[in-house]
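A short worksheet on the structure shown next.
In this document, chain identifiers A, B and C correspond to the written order of the chains, with residue numbering beginning at 1 in each.
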């Protein structure tokens, strides 16, 4: 949607340096932007592109305003400001209310008049779909689920049972919420399945990435608080609780019954074992594995940077002979006495 | 389903200490249980909740019976006993036999009269569905597949081709069984795909977690023996064999042609390379990677516990300078001669 | 399809040692092959089975021809030669052109007369499906997508929007291409979603394994060049570029905006952080994590081999006390002066 720089500045509370009547109708990166585009400078790594940008306007911190060769929109958080302006200039698709003729809706389900139920979607018994929500093609909303207002289930999503979504939740394709957790008791005859009887509660403004899985609780519920962000292929075990605004990058995995605080960040392929508690404001680096309670905010790590395989193997060999080295030092100490 | 403690004791061979006419109609954890609930004490970690539980009855080992403030059901394996009783008190949903009008069933497929084929499910040529089995919404059963009796494919499951499931197999949403394995031969013109011609054989009482994948065999079959349990997002490569009652937690991955023994346990994010053989009763810890044959039962590990990033980085730096340290020790040894 | 050894030799340019009129109608491994089967010897590990094979013919390098007890087809690359011959003997299934009555095709979509659209598949607005392409059951092709000629989307695949596939692309079940990448800006009110506005470009002869995800670009496109091969549960972040003929084994993960060269190989559970550049011909070993630019071809590693847990824990303890050991060495050095 085309919009003038003046309108943007007013709507989002930015100072504008430049012509308020200039209209932008697209967004782009600094180095790819053309004359109708809005762009932004958030990271110093991209400052080299600032001088030569052909954008109509750049969102910058005031400290960077001087270097902008075009119009500048001044904001303390250019990346977030860009995100909000981009959502206006390039809005998400809008869907007509209604239920596609191929969708299968249970007689006991409740669908808002303003919701859109796409082709081949299914809504199960006693489930409800809120106002303006979009249930995409092939999605299966099982039994006793409640999808809040303004949610988007993109496509081929499965909510199994007793899954409650707040408002403005985005669920990407292939996500499975509310499947049985991994509960098994060993006996002389092999494993016996522990019935997984809980549900899943998901707060407002949560987004879940493609093909991630969030299991139902074993007895209580699995809970994702408001503002949680999960990337693709993330795994949340049964009866986990994830605090508000915690974010997890792709392939992070959280073991059953673990409790995670607010504003934590898990990098790719990181995770926790089950039954641990992690306080607020903890960052776990890539491939980091948390195996006991974390009571102190801060950044945690447990993975090595890559090296050329020859160097790496030499290093591993040295580590495996550390006992020999320690023994040699012990002998020297004895001898030096 | 409400049931009296007397009936439970008789049906599952437990000693009952308390009133046999007390009826339970729910299950719960020790600390959340209310007056109509059955609960259990399996791990000493929860003993602190025993005294104050408000449950109607607690399943305990005889050694713990004394501390139970309510009725006690005595069993050597309280967790498994709980699982079996819970399956009676809170039974899995039952589905009416029949094929939904929106399901697409090939003319050459065979569906038991007692099976339930849900909306938008598809059954391909020459495939069969056994007695009392449930094929959930959006499931695709491909060609030449055989689903045994009492199976449950929850929703949006894909069996590609030549997939044989035993009895009582549970397949959670998003699982893909029988897709092509990763076989490619390098040539001067790039990769050439190796045709993946085998099938998948899955035994009785297997459960597979959400969004896991089990590839078809390259030439022979991929095999999961009876009682195997896979958590979510697990990957089983082509022509792998997994022994009976082996369990794998979330995000475990097994490389092609690997053979795994019985009663093994793989923790989260652990795995093996391809073409290795692992004996019975092997446990692999979280993120552990098995890269050669394992011939001795026991527990294996290869990952570090997390540390604060500053300490971690210092430790990594020291490890990378181990050659320097070893050289210094060598010089000292020389000097001390 | 039955074919004579003479025809195979001619069609694929091999020397044949043996009777050209012998017909093969199946393929098998060396040790399982029966009288009508073609097999191959690619790796020395299998040479022990050569003598006793009951195959009709074996594809071998000329150096191995002497040991073949049956007919021999001589080729420099027996594995690739086997792959090509197997594709003739056991061809992939062929589908009649047409659109299944339960498929849902947008009025603005374009479907080739020779394409097959299976049951419950969906083709969205302004999308096109090329000649001889197969869109399997339950697949969702979203808006503004273009599927090239001779592609196969096996089942339950989701292409979200603006996804362009070249020719002969194979997409296995559960794959999601073009979902929103993980872009969030932190504010005082929590995360703000960065609109994900790009598409995905996939070249010719690409194959993507089951339940993998390839996100759309944030502003530009995510790109997989010709001949890329991805195994199952692989994650490609937004705006990544993967060079031609690069292969990634299961559970590899590539962070956003990373650029990967041609002919690279990523082993299982390996990956990169975001925003790094990796040159051509880089191999990353299993669980290896690349966290900065790689400018030199070769093999990189960062994971330890597994050990028995007792030994492993001792080794970890020694590593964590390396500072103490270094201090002891320092003292010895001081004393020896």
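Keep this in mind: contacts are C-beta pairs under 8 Å (C-beta built on N, C-alpha and C of every residue); 3 or more make two chains touch, one makes a residue touch a chain.
Because the structure is a prediction, the values reported are computed rather than measured.
In this entry, chain A maps onto chain B through a rotation of 120 degrees when their C-alpha atoms are superposed, rounded to the nearest 5.
Annotation: the chain B:chain C pair of sequence copies touches via predominantly different residues, less than half of the used numbers being shared.
Per-chain Cα centroids separate chain B from chain C by 26 Å. In chain C, the residues that reach two or more other chains under the touch definition are 102, 120, 138, 156, 174, 211, 233, 251, 269, 287, 303-305, 319, 322, 325, 329, 332, 336.
For chain B in complex with chain A, the touching residues are 27-29, 32, 42, 77, 79-80, 82-84, 86-87, 90, 92-93, 100, 102, 119-120, 136-138, 154-156, 170, 172-174, 205, 207, 209-211, 226-227, 229, 231-233, 244-245, 247, 249-251, 267-269, 286-287, 303-309, 312-313, 316, 319-320, 322-323, 325-326, 329, 332-333, 336. Put simply, chain C touches chain A in their complex at residues 102, 104, 120, 122, 138, 140, 142-143, 156, 158, 160, 174, 176, 179-180, 182-187, 190-195, 197, 211-213, 215, 219-220, 233, 235, 237, 251, 253, 255, 269, 271, 273, 284-285, 287-292, 296, 298-305, 314-315, 318-319, 322, 325, 328-329, 332, 335-336.
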